[in-house]
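Each of the next two complexes has chain A plus one other chain: chain B in the first, chain C in the second.
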Partner chain A sequence: MNTLTNFWYRSAYRRAIVQGTAVLIVVFIGLGLVGQLSNLENVQAPKFTSSPPFLTFEFLNARAGIALSHGLIFDIDSNDSRMDAILNGAWNTIRLASVLIGFASIMGLLVGIGRLSDFYLIRKACTLYVEILRNIPALLQIYIWYVVIWLTAPAISNAIAIDINFFGLEILQNFIFISNKGFAIPWLIGQENLGTWLFVAGLAGIGAVLLRRYLQKRQDALGGNQRTNRYPIFIFLAISVIAYILLDSPFTGQTPGIIESGAGGAIQNYKGGMVITGEFLTIVVALGFYTASFISEIVRGSILSLPAGQAEAGKALGLSAYQRLTLIILPQALRTMIPPLGNQYINMTKNTSIAVAIGFSDVVFATRTISNNAGHSLEIFTALLVIYLAMALFISSVMNGLNWYVQRSGI
Partner chain B sequence: MSMSWLRRGFLLSMLALASVALIACSSDDEETTSVSTADSAASGESTLAKVQDRGILKCGISGSLPGFSQLEADGSYTGFDADYCRAVAAAVFGDATKVEFVETTGANRFETLASGEVDVLIRNTTWTLSRDSDLKQSFAAPTFYDGQGMMVKSSSPFQTLEDMDGATICVNQGTTTELNLASQFLERGLTYTALTFETTDLLQEAFLAGRCDGWTTDKSGLASRRGVYPEGPDALRILAVTMSKEPLGPLTRHGDDEWFDIVAWVTFGTFQAEELGVSSANVDAQIANPDSVAVALMLGVGYDGGDVTDMGLAVGPQFMQAVLQQVGNYGEIYEKNITPLGLEREGSLNALWINGGLIYSPPIR
Partner chain C sequence: MSIDSQPNSNFSILQRLVMAYEDSDAKSQLFKTKLHTAITLVTLVIVVWALFTIGQFMLNGEWQVIIDKRRAFMIGRYPEEHVWRIWPTVWMFAAVTGLSSALWLRPGKRVLISLLLAGSIISYLFLEFDSNALKFGFGLSIGLFGYALAYFGDTKFKLTPVFAKIAIAGWILLIPTMLVLLFIGDAPTTNYWGGLFVNVILAAIAIVVGTPLAVVLALGRTTQGYPAIQILTTSFIEIVRGAPLIAWLFMGRFVLPFILPSWFGLNEADVIIRTMIILIIFNAAYTAEVVRGGLQAIPKGQYEAADSIGFTYFQTLRLILLPQALRAVLPSLINQYIGLFKDTTLVYLISVVDVLEVGRKAFNELNYSGTALEVLVFVGFLFWVVTWSMSNLSKKVEENLGLGTR
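Let's look at the complex of A and B:
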């Protein structure tokens, strides 16, 4: 009896029992899931029909039969394979997520700092922004931006054209077009020597960075102003421009235009430049504003976590408000900001999956359409799972690296 | 000393316990799997027995497609597809009200059927080879011959697809519509941009705003949306071109032929009844005194005092009686649900074969 009570009262045994039970529970659940999976297999492929084995992806090589739009670099057409359609959808998702991360970060930073502003109006406006936007579901916000704002833009036949005039001098006509088909903006078009030029400019860039490092060391050793930024930038620009001229314009600018097609020219489309579709823009704005409301709270919290003495010391040294923010506060606040920021970026990337609601052809759209026509939902969902997991893990590893760097050295 | 020995012994016994549990589980596994697959088609338990045990038919429908299946203010469902659900229930239970309607989306309908959540899917679904073989489902018989159409604004100059080179087309997601659209434009050497929406309401907003030049889905769907268009039906025009064959009909899971036969022959029965002139109005009189041998065979009664012929369908020879009494024949179902959409039956593929259409039943004998 005594040994038995001892047995329970020893922490080592207690731990072993608790952990052993936990392992058993996991094993049970795991087996249950495996059982469920084989069950699904039966549903998908009844035993009496000849069917390919479980989880094969050969069907992805077949012709997709659907076209995807909203592509930036390439659109696929219906003759491409299902695999291409999924990859193109994934590329659209990645593109959307990267623009969103940049946009939401800047918005979040501004609003977060704004909430700590000394100006009553700015402070209250930023508070209002956060409290309204983070409390309305993201999908609803996308609908509102799309139906109430974007769709009220003029049709392409009445597209707004923006010209650039300089003191009455017409420099560029029809520089930017705006209609409910989207924005058309000027863009650079690569010519045949683009690769060579990029190589030369890349080398010049590496050289400039090395030069800056050298000058910085020299300045630390000798003192005085060694123009650590001016010389490297000048050298980089000079080499790039000379190479551009020597290589016979490796890229040129292109302004957008509108072409007509169809019966009586009733159909108009953008041609040239770069077209940012209304759907893409709507999601960037809607999800960006939404996520920025969360990011701004992270920014504000991180700044408030610093001791007040930091800002006061800056004040005592006579630094301006801007200098205090960029030299003292933000570099230190960044250390606490990065881990929760990573969460927000991952959340936002996964949230792009609701973009399909307004017709943006992302990876969810591509996989859903294929599975609806070809079945194989288990395989399709596995592929979707792997794609989103890869994106989230990538963001997470970048943020961890950044965190490690900032923790070690500061900025 | 003794403590570390005790601890090691304890851990070892935990491990032993775990492995025993593992083995027990894996031998258990067979059993649990077979129990849970009893629900699915694979185990071979008949859907009919399951439906009869449950006492109600689970029927997958759309729920938001006027004319085919629509949720009414009082919680009931109306429409062509909903009536076919009722017909199957009437054949199984003799009571057309014993239906539980399960709303499905274009994207999840096949999983709903495959997982056994519904017994039959009647959700204006197009019969295609890949759905038959790849998705492992069986289409009973087309109840409605549709075709993909293109709707444009009346004010636009478009008459044919060739007029629409470069157009932006609004499409409903998750249908064969996208495939047909792609191949029709590809074959004609035309370019287009598809803008694909999940919900028809948002699609209509985009179309109203002039974001798209055309709107494509099955012609029946276009007609039903045209009827409720905010600017009035006259603001829209459906082009003459038919881009695809869309035979719509009920479907069941692969592997249960008995259940498939019931769904198929209830469907054929409604065709046959119209052809023989038996409707909900005169079915009782026909049961009492059938006009012809064909009518007697269909209703499962004797002709001129003769014996009843049982052709072996699992729901008995009289299955069409309740269907016709409580739901009606094909013509009645069409008249009630599809005609109000403005889709004329006469001269279309949905006329009886004797009137030049495709509605044809194999003989019931």
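Let's look at the complex of A and C:
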């Protein structure tokens, strides 16, 4: 007995025993699950299940049989492969998330600063905003915005068309369409020389950045105003415009229109331009406002964590409220803000999956539909996990880089 | 000097308002500069417009659907003859809440009166003085009775320790009692569960089962000298946090049934049980990160002190680590729970009929077409009341624990 307790109290042995047991338990559970997978007698609903060999992805090359809309750069139709459908869904999620990150950050920053305003009305309004929106489920808010947008926007058959007139001159007819199928706005259409033009413009851009750096150095050394912004911008614009003319319009603008199809023009849809669908807009507005209420709390918390002496010193120097905010408070608050902000961005990216509720074709929508058609739910779920993990890792690496930069330079 | 600190009943309400205006910073602020005046006027216009719109919506909205479907909103299609399984839990909850609030929170008279008022309005609107109203009123009076008992037991008879034990026992027994009542005898299957009841049960189970699991995971992740355990717990937490809840719910629907072992008929488990499993795992992974924050905030000296007086690992855990760690992260913990409660609306995706889904079904009915906004606003209000009171509760508990003041 004594040797046994001695054995247990030797930390090296104890560590080995405890860890060995834990690993054994996990391996046992894992083997159990795999055994269960192989034992397909237990399967309840064969349609949705996988069949051995597991975790092979050949089925993704087959025809998808679904069409996804809401694509910006590419829509896919039902003849494309399942892989394309999933990637298109992932692309939609990425697009949604990037628009949302921008919108929610700006909104959250404004509300967070507003909650600390000296002015009673602004402070109370922002508090009311946060207290209401934070406490209602995101899904419910999406439904509410969807209903509101659906109720207020007209049907596409009498879509609102906006013209631009300038003192009676009709410059652009049917510039923007608004209906419950979404916004249609003018967009650029690339021609054959687009690649060449992009290359030239990119070179010009790099040259402009280098020139700016040179001028900045010169200004630091010689003093005076060396127009560090004006010359590079002018050179960049000039080269781009000349290249545009020489290359015979590598891209042109395209205004949207409405086409009719079906019997007697019963089905109408947008054609041309860029269409921001009602679903996309709903989710951006709903999730943006929702997430902004959390971001505003982060902003408020990090501003409050600064010593009061910082703002007072700014006052003593005679800086205006705006100058105090942009020169003293925000640069310092940014340091404590970035890590929780990154978490919030990742959360929001995952929250975009709620968009399936109103039929936005994001990656969850695509994978779910394919899983319904083709089975292989285990493999598809693995793919979904990998896609979201990749997005989360990307966001957190960007935020880590930003954090490193801010900590180092203090902006 | 504000009016609150010097109440003087000799003045009329109007005089008091004028005095409050004169005293407050409103006078110096609302019209301080031209910009302030402009903002004030714009706000005034917006407020008037908003009040007008909301008033119009309240008056002209078709609220009949909510009155008609009030049962479904609360309990879905749970059979009438089995509702007795739910009421005792509600009463027990009321009693324990009353006891605990008198013992630890001490809400003012105003809170109690508004609670009573809200309860009466609810019972008038939604229960219309049938037998359910009586049961609801019974719950309310039990709560008040518990409050009074604890209050006077404390002030007159010094019975606080006894009541504290009763309250803690009540909180611990609440969920088991509920489950026993819901499953005992020839109870309706979980397919009949629905409404707000399902949201509350799912959140409660996920919190009660998930939090201990989360503590274990967090301890595993912060442990020193056990790399295998660290790797296992970290990868579990990160994988669960990697995918959105919707993806996990789909997995619960399509993958879980055929990877669960057939012991206890687990792979025939119905959809509510599977949702519970998913939510428990999900909540555990997120709560583990919150708890980990608390564990990492504990200074190293605390561990060393525990070692030096010869505490075993579990003594250190129980007496030193967990009390401090959980206390420090209490606000984030409550935030996590609020988030979880809001996330329970997503279970409609695996065809659990929660309160939001009841609402959606209601306004898709032909009789109630065009009432979507009314239904959604009502459901939103339900959620808002619960989550807002939870966050207020957490603020109050923070104050009582003295968080952030020492």
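Rule of thumb we're sticking to: the second predicted complex is superposed on the first by the 354 of 411 C-alpha atoms of A that agree within 3 Å, B and C clash if a C-alpha of one lies under 4 Å from a C-alpha of the other, contacts with A are read in each partner's own complex, and residues count from 1 in each chain.
Basically, a contact is a pair of C-beta atoms (placed from the backbone, for glycine too) under 8 Å apart; a residue touches a chain by one contact, two chains touch by 3 or more.
Bear in mind that the values here come from a model prediction, so they are computed numbers and not experimental data.
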For A:A221, is the partner it touches chain B (first), chain C (second), both, or none of the two (neither)?
neither
Mind working out whether A:K350 is in touch with chain B, chain C, both or neither, as first, second, both or neither?
second
Which partner does A:V147 reach: the first (chain B), the second (chain C), both, or neither?
both
Could you tell me if A:K181 is touching chain B, chain C, both of them or neither one (first, second, both, neither)?
first
Is A:V23 touching the first partner chain B, the second partner chain C, both, or neither of them?
both
So, does A:I358 touch the first partner chain B, the second partner chain C, both, or neither?
first
Touching A:A138 in the superposition: chain B (first), chain C (second), both, neither?
second
After lining up the shared chain so the two structures overlap, which partner does A:N269 touch, if you call chain B first and chain C second: first, second, both or neither?
first
Thinking of the overlay built on chain A, is A:I245 touched by chain B (first), by chain C (second), by both, or by neither?
neither
Chain A positions touched by chain B in one structure and by chain C in the second
20, 23, 32, 36, 42-45, 48-49, 143, 147, 151, 356-357, 368, 371, 377
Chain A contacts chain C in the complex at 11, 15, 18-20, 22-23, 26, 32-33, 36-37, 40, 42-45, 48-49, 118-122, 125, 131-132, 134-141, 143-144, 147-148, 151, 350-351, 353-354, 356-357, 364, 368, 371, 377-378, 381, 384-385, 388-389, 392
Report the residues of chain A in contact with chain B in the complex, numbered from low to high.
12-13, 16-17, 20, 23-24, 27-28, 31-32, 34-36, 38-39, 42-49, 51, 59, 65-67, 69, 77-79, 143, 146-147, 151-152, 155, 180-181, 259, 261-264, 266-267, 269, 278-279, 356-359, 361, 365, 368-369, 371-377
Per the touch rule above, chain C residues touching chain A in the complex are 24-26, 29-30, 36, 39-40, 43, 225-229, 232, 239, 242-247, 250-251, 254-255, 257-262, 267-268, 338, 342-343, 345-346, 349, 356, 360, 372-373, 376-377, 379-380, 383-384, 387-388, 391
Contacting residues of chain B [partner chain A, same complex]:
7, 10-11, 14, 17-18, 21-22, 25-26, 29, 32-33, 36-37, 40-43, 106-107, 110-111, 114-116, 130-131, 134-136, 156-159, 163-168, 170, 173-176, 178-179, 182-183, 186, 192-199, 202, 205-206, 208-211, 213, 254-255
